[in-house]
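Reviewing the structure listed below.
Chain nomenclature is as follows: A, B, C, D, E and F, assigned in order of appearance, with residue numbering initiated at 1 for each chain independently.
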């Protein structure tokens, strides 16, 4: 489904990793590991199409993602290091905007999604007053509303407390069970039931 | 020697910790611990006199540090999260400037100090080309040149490799043995021989 | 994808206006700058009304240009810092129209307000009343061009050290044609000459900028995010 | 403490000059802005030589003022970001003279260069040659005041959201007296009038700013570091 | 007296004072307007246009007085670290700025019939305009800093620098005008002679007192808001929050 | 004096009444914005309390070892 061929990424004038090849099938989770600065974030952003690889190709259902462009972006949901949350909008407004930009139109689901990430009561607060963990939850709520097959998640578990970490693991499992794909980085161990693979960027 | 009485620190409008009291005597090291965001950096900056406490007092040899002002600052050397290194100056120029601002005048010692932190060969490189750990060493070199009794160190061991970490521990021990005071934060365990105390800011 | 492009664009526009409403200082500061700079000129040149009225078109236009340039900083900076820009770039809709919407929202909260404010300042500078209309129309045609061209510069300097001054260097040369014809039209109208030619030129600039700038900005944003 | 205050001050001054030498772009950009703004003016106002020569003092002074304002951003920003400012605040020497040294170094790499450049631009604007001397002297007296007053604004807006435009809003109103008398002197001299009164006033401003601004800047820096 | 320096007591005291102050202010406004608009006769030179004086002059006076209060509050807050003084400075700024704007606009509207133009670069007008900018700078600076303590202290330094500059700005603008020999517009003193009729003086005085009290009334209301915001982690504010019924239509 | 002559203000009606009108707007704005500001703070504090972000007890440092 998602196929990476001979990928090489550079930053500045330094090669981070070279000739990386793997593929991820529906129902599979790929856990990318590596030391700080080894290039995990760079790889994920490249997989999204935000960064251009120095070499190699990324294919979705056999077609290069550069060719698919918008059609590929419509399949994925990316949650990066930054949450994409604007402090002066309320939690609900932020989520609304996020899903709208993501191409989904589901005003009704906003409240439900906030409920499911435990932010129902904070829905009308300006997001800048949310704690770090609450902000992370708000960003992750986009996954619930958008309903995209491919999830690309950069350290989704940071700042989450143990309870919600467990909830996240369940979500990932049910996404996999429904035939979704997940590519994820995490310094913590993932406890997701389902087909999971690991890959390390340390050379 | 350094005495903290009923100290309360706030950030934004949030109290980080309240009514903290302790004292540090010559030859003693105080290790401050706590989770991310618990206020360790804030405490250290307050002890330096950079931040004003919301309440309480800090005394050096029995006199409030607000009264002592410059005389107190002349006793201390603070190495914070930021290294105080300007990327466009060479390592030697940076150290020279740092000691000069710190009030010491010891042009001859610069080379020796760089030697002792293992930067002799990098002395003439622009600091921006140094690696993260080398930058940290350069910042710590100020301790050697300045020769102040009170060291206030915020995570000095970050980015240091194991070898130099051990060297740092020795340095700390010999500073204590010479009657110095050390206040330090570190998420790692410190292996310093000497009288060390711990304090935790987690409530 | 149940949401169409238009809906998403409306969503972005609404959000940017709401945000401007919640941070009135961000909107007000360029306006204050506009007022201050136009007020500095009489202080420098002297208070004689007839000298001032001669200067007025040039001063007003230069000040509007500088103010609109200074407001460029906030066009993408906030969204870049908090990661919203990444989400925008990953939207299934083409980036160019989305960026165009953002430029439009930015203009509505900067250039448009400059236009509204300009008659007041023109009065302070003794611009003849019959030239007031021309001033407003030229600004109405010209400030969108400034926002459009400026957005390219803003996108290129995102996250670059010393971005502010660099931005002004990039953008000012591009602004000169607009300035020449904008101020020229007002001067002509103040001395009772015909202004049609100026208007059609400014209109042509606007069309050109509308056609190319959003596309260039979108490309620049993708580069900045890389 | 074997190093005395003077030695430390010399150390700071030397460092800032070296740094300016290693980052020529930072120094050049305000100068470029100065040149661009003075060149934009004839474009906005029209090319008649006598109109221009009448405007020249005001335009040159306003442009110098804006350029010097734009260069304020870098006065403390770099040192704030890399932690040097903390070290400065923790120096056993009083902060006020150290800050004064930094302001001096900043002026030497911005205001002073504007002064050097000004005759060239004055020629472009048809300023009468006999007024050239006055222009240079007023700028020589006035630009340090701009740096001194500006340093307070720069220190207050350190690390603040939207710092650039905010800085200009804070600083421009404070600049007016300098502008009035600086441009006034040049205008007077261009029309052959006496300029002694202007010079003594500018001198008085300089003395006042020297007395108060470094102290206020030091206070503002301590607040920004809190 | 000293006990009202605590935010909690001040909050309560202000709450009790506001209705009374407001009522007196309102009465004075009514009396002043009646005397000024209805009773006072038209001026023999300016006709009825001089009636703008009754709002213009108090606005202009208050615009300067409020800046003094703001800078004074800043100084006290900076030196003695008194929260209420900081809040006084912060709360004064928007009031002062709006009164400055009022002086500018009413003055312009008065200038048109008397001078034939809305605006001239006269000394007093120019320095009032700059005062407005100083207010805007103060407000923008405080709005840009999130930490309330830092914001208060930064504002105080700015207000103090401004207060040193105001006389300098004022006199430079005066000299600027005398040096430039500006457009032939008589000084204000000539227009309103010192031997002003009592029937014109009384409403002016009454309106001035009304503006003065108005400032204090609004100041107290604003300070109560500031106190709630900055003391929100204290128990007594939580108590007040719990005791207030829900207010609709005020979305944060 | 009739109401008509009163409102005519000797021919200066436009200036006088717009000046008074503007001043009224400024004064009313002052009152309304001040009152609304306080209400908004109260409303915000209510929301915060409802969201469970009650003012955190000041953390207290604990000595681990001597």
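By definition in this document, contacts are C-beta pairs under 8 Å (C-beta built on N, C-alpha and C of every residue); 3 or more make two chains touch, one makes a residue touch a chain.
Note that the structure is predicted; figures quoted are calculated from it, not measured.
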Check: Among all the other chains, which ones are in touch with both chain A and chain E?
Finding: C, F
Margin query: Give me the step distance from chain D to chain F, shortest route via touching chains only.
Written below: 2
Next item on the list: Tell me which chain's centre, taken as the mean of its C-alpha atoms, is farthest from chain A.
Entry: E
Notebook entry, point to check: So which has more C-beta pairs touching, C-E or D-E?
Noted result: D-E
Check: If you average the CA atoms of chain A and of chain F, how far apart do the two points sit, in angstrom?
Finding: 43
Notebook entry, point to check: Quick one: chain A and chain D, Cα centre-to-centre, how many Å?
Noted result: 49
Check: How many angstrom lie between the CA centroids of chain B and chain D, rounded to a whole number?
Finding: 36
Next item on the list: Identify all positions of chain F at which a residue touches two or more other chains, and write them in rising order.
Entry: 47-48, 56
Next item on the list: Would you mind listing the residues of chain B that make contact with two or more other chains?
Entry: 14-15
Check: So which stretches of chain C touch two or more other chains?
Finding: 25, 29, 32, 36, 43, 46
Note to self: Could you list, by residue number, the parts of chain C that touch chain A in their complex?
What the structure shows: 1-3, 7-8, 11-12, 15, 18-19, 22-23, 78-79, 81-84, 86-94, 98, 222, 225-226
Margin query: Using the touch definition from the top, list the residues of chain F that touch chain E in their complex.
Written below: 1, 6, 9-12, 15-16, 18-20, 22-23, 26-27, 29-31, 33-49, 54-56
Next item on the list: State the interface residues of chain A toward chain F in the complex, per the touch definition above.
Entry: 121-122, 124-125, 129
Next item on the list: Provide the residue numbers of chain E that touch chain D in the complex, in ascending order.
Entry: 130, 133-134, 136-137, 140-141, 144-146, 149-150, 153-154, 157-158, 160-162, 164-165, 168-169, 172-173, 175-176, 179-180
Check: Across the complex, what residues on chain E touch chain C?
Finding: 117-122, 126, 129-130, 133, 136-137, 139-140, 143-144, 176-177, 180, 182-183
